[in-house]
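Residue numbering begins at 1 within each chain, and the chains themselves are lettered A, B, C and D in the order written.
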Amino acid sequence: MLWKARIEITLKKEVLDPQGAAVENALKALHYNNVKQVRIGKYMELYLEAEEREAGAKQVEEMCRRLLANPVIEDFSYTLTEAER
Amino acid sequence: MLWKARIEITLKKEVLDPQGAAVENALKALHYNNVKQVRIGKYMELYLEAEEREAGAKQVEEMCRRLLANPVIEDFSYTLTEAER
Amino acid sequence: MKFGIIVFPGSNCDLDAYHLVKDVLKKEASYIWWEETDLSGYDALILPGGFSYGDYLRAGAIARFTPVMGAVIQFARQGGLVLGICNGFQVLTEAGLLPGALYRNAHLQFRCGWTYVRVENHTLPFTGAARPDQVLKIPVAHGDGNYYVGPEVLRRLKKNRQIVLRYVDAAGRESAAANPNGSLDHIAAVCNESGNVLGMMPHPERAGEALLGSEDGLVIFRSLLQYFDQRGGGSGD
Amino acid sequence: MTETGRHLWRRLGLNDGEYERICADLGREPNRVELNMYSVMWSEHCSYKHSKSTLRLFPTSGPRVLLGPGENAGVVDIGGGWAVAFKIESHNHPSAIEPYQGAATGVGGIIRDIFTLGARPVALLNSLRFGSLEDARVRYLFDNVVAGIGGYGNCIGIPTVAGEIAFEPCYQDNPLVNAMCVGLLPVEKLVLGQAPGAGNLVVLVGARTGRDGIHGVTFASEELSEASAERRPAVQVGDPFLEKLLLEASLEVIAGGLAVGVQDLGGAGLTCAVTETAARSGSGMELELDKVPLREAGMSPLEIMVSESQERMLFIIEPGRFNDAAKVFRRWGLSFAVIGRVTADGWITVKHGGRTVARVPAASVAGGAPLYEPDSREPEYYRERQSVDPLDYPAVEDCTEALLEVLGSPDVASKQWVWRRYDYMVRTCTVQGPGGDAAVIRLRETGQALALAVDGNGRHTYLDPYRGGMMAVAEATRNLACTGAEPIGITDCLNFGNPEKPEIFWQFRRAVEGMSEACRVLEVPVVGGNVSFYNEVEGEAIYPTPVVGAVGLLENPDQQCDIAFKKAGDLLYLAGSSTVSLGGSQFIKVIHQAVAGSLPPVDLALEKRLQKLLVQAVRAGLLSSAHDLSDGGLAVALAESCIAGGLGAQVTLPGHPRPELPLFGEGPSRAIVSVKAAAREKLLALAAKLEVPLLFLGEVGGDKLSISVTHVPVVDVTIFELKKIYEESIPCIMEQ
């Protein structure tokens, strides 16, 4: 079965996010004054073969821990959906 | 009402994604051979005040077009959920 | 004393480190390809600056999985001397040989230029030739040099004197203006607990000749030579 | 010719006459693939059809020239078996659309042009033009172009050591991004972009071919407009990491003597690479497109032939050497494929899925485009603007204020905000980085050093293309001389509007005439360059902007000079011409918001003598500092030397009823030098011998810049104040 994984990687709350702050300022400069707490992270998409959802999820989790996110500064979350071929 | 917007910004399909390619190779080197089509984009989170969902969505759409995404090479999508205070 | 300079795909300061060791210090040096797994015969390893794997994903994240890194980790565990410069520092944190992480400069720009760093611990193999609190003029060139570490580990780093260099101004004072990247606590270099692995964002190999503007970077390399001489030449493994 | 057919070739940018010529060369009508191959190769960008005859005016030979224009880059001998390769190229149109990637891929392209020859790239430079920084979109373009240049150069590890930037409203929607690369090679390893030897393998190495940049060259060969935005190709994204691998592998293959020809893929992609290499050798090729590694499934032969995917190289390799070359490519983790063979018949035969999809004569596609000698007409503005007398503007009350204003204007202010984002030190050869007159990089391989500078002034060239062209060459080479280097060659990038308009062609022609004359007198050959036409938005052209990249040689890197004042008590002299004008000056632009007046005359013989003086004086160790006078004139040059050295100066100038003129007047063939009192006599003697006028100005020292005109103090300001406005002006605008 082919799965599509969508992974979001965000800076941990306690880590300053200078990029988010810069974007927030830029939005305010465009008069979007009702916006706050902008945080910027990474979004990844990938496809993987796995017999079952559980196995696929386990693998995505492992890939995030090992490579895709840096646990010192980042958190991650993901979703898995069946992909059409 | 306070809304939380989650925005995904991805490179357009026909645009080269060197990062995605490098990560895909790295995953393969780690023996995740069942993985393909890795694409890397940005993930943004922000909170905004809006009376109604529709108004909020309209604003997020506009902010993406004007600032958050680069329409020349990127696509974007977003979701809006009610945020607890 | 023989230096090994690790070459990852995308390293680009390997040549500079090599030149410094070979032509300025007149010591033995060779390049070590990222696929190599045998590090016997080297007394110290340098992980040079550059953009290993383009710094795609995160600086140092992909290089950390190259075959040579397994051997580097072994080498370090056995007490071998390992110096990571800039991208090399990033690789060492990603590999877990050094605490913390280096992320996007707070001002979001790449920054190249001269900085001053103060030696916070002059008792290490990398700093033995420095005076206490000596201020060194050494350049930086990076986009991801913003050092972060959680509060608990930071306490431990301070207690163990693992913070080795801090960004300061020419007079030796810490200030936001003297910090080129927003690093926590103005940290420019840290070492591991046993003091045989050092990571630094500034480039000592770029400050090795008066013609280039400073010779202060030699302090780091002279320290290594001095340490090695005093210890009587045994290699790291 | 059917009506639909006519639409097709016209839409591809070919005119009816060109189409007829194609049919004649082919002996039949072209099919779609063939027509597209012709269209990209006969575009202005690739064929130089409107500029070639004018470019012939450039002197291109000299005792050091190993390779002049016509190849990927010029190559100049520096002795000891080593040579320097360099070239400048524009990436204006792509940068207008996507500034980060446009600039990044511009840098990537020019780097490939250098290592294609077997030269290791050792330095990058760039010349940039933007609209007024008051505009938010211009700030966006500026910020992202700079980020893109840094992003590519920093990653690949080639120092960006010098550049120049100016801001004029005419570049608002049509910024200029010109990138230059300099490389070093052993003469014996020089390899050309050729495809000799029937039976040799045609090997494509590097990135997979995608749909990006299709018809990029056609796009670059027309004016920008709303409609062109619609038609623009998919933006190319640079992959500097891949280019680094490609660079190392290519140099290794070339050093091992494993290739008989090498060509980078740039504008017009595979079509350009195969037709040019074959045409240069009088050979042909048989290509199998099925072998080309693709990024996207289902690409058509046409798309594969004209794709401008970046980071690709073409190697011509003898079959017996292929395995060794393949080993190198594999070691660097590169994908590669044998996509065809060299043939003797002079024809490019393209096969796909077992069918021949195109068959064209290489020489016709690569070199058969008709050349045009466009009409030329003096534009109406020319005499009008020239007749303005800048001294008719009201006199300024406070020259100190005026100096601060000029010094803080974005054209003049420090560009540190830009170059601190470039790694200018990697390779540990940068002896003088950005911020001075020219960069100086030592060459470990030979013990020598190179001085590098890039210069151009669109405002000057607009007011007087002939003198402006001369002045661009004079200034670039004078910048080298100020470091003590002897100019050995230049490369140029000619940024102009639509050459089919007679007024634009007149500007072009006159500028090239002026540049050529300067090159002849200064004895410096043009060894390569690039032409960028159609820099127009909605019919409005940019200022004619020739940019000169100059390379100089210093035999001994220890004998070099920079702009910083060194020591209190050093004596200050103005060397060279005393003729200046406020016409077209920075002063008139900033203080009176005008671009008008006539440029001062250019005395090329004096220029030559001045440069000689500078070089000999530096070599003899006589000078403490030397600084060329350009934008903002004497007052600005003095301020810059003060700031760089952290030292003041007391200067007295000969009388003039309008102090603006001696303070801010601009003109070529001038430099300020400071000398130790003990070296004074020797300098005077040398200047007398070389017949270069020296005017005593005053003394270095203190923490203020004070200037009097006939003993009336006109400028009095602390170095602290000068430095503040000079260094904070651009960050202040950009980080508002």
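By definition in this document, a contact is a pair of C-beta atoms (placed from the backbone, for glycine too) under 8 Å apart; a residue touches a chain by one contact, two chains touch by 3 or more.
Predicted, not measured: the structure shown is a model, and the values here were computed from it.
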| item | value |
| --- | --- |
| Which of B-D and C-D has more C-beta contact pairs | C-D |
| Centre-of-Cα separation between chain D and chain A, whole angstrom | 41 |
| Distance from chain C to chain B - Cα centre to Cα centre, in angstrom | 35 |
| Contacts with 2+ other chains: residues of chain B | 18, 22-23, 26, 30, 40 |
| Multi-chain contact sites of chain C, meaning residues that touch two or more partners | 53-54, 56-57, 61-62, 65 |
| For chain D, residues that touch 2 or more chains besides their own | 239, 241-242 |
| Which pairs of chains touch, using the document's own definition | A-B, A-C, B-C, B-D, C-D |
| Residue numbers on chain A that touch chain B, as the complex places them | 6, 8-10, 20, 23-24, 26-27, 30, 32, 34-50, 59, 63, 66-68 |
| Residue ranges of chain A touching chain C (in the complex, touch as defined) | 11, 14-16, 18-19, 22, 67-68, 70, 72-73 |
| Parts of chain D lying in touch with chain B, wherever the complex brings them together | 97-98, 101, 207, 210-212, 234-239, 241-242, 295-296, 309-310 |
| Of chain C, residues touching chain B in the complex | 53-54, 56-57, 61-62, 65 |
| For the chain C and chain D complex, residues of the former touching the latter | 9-10, 12-13, 15-16, 19-20, 23, 49-51, 53-56, 109-113, 139, 141, 143, 203, 205-206, 208-209, 211-212 |
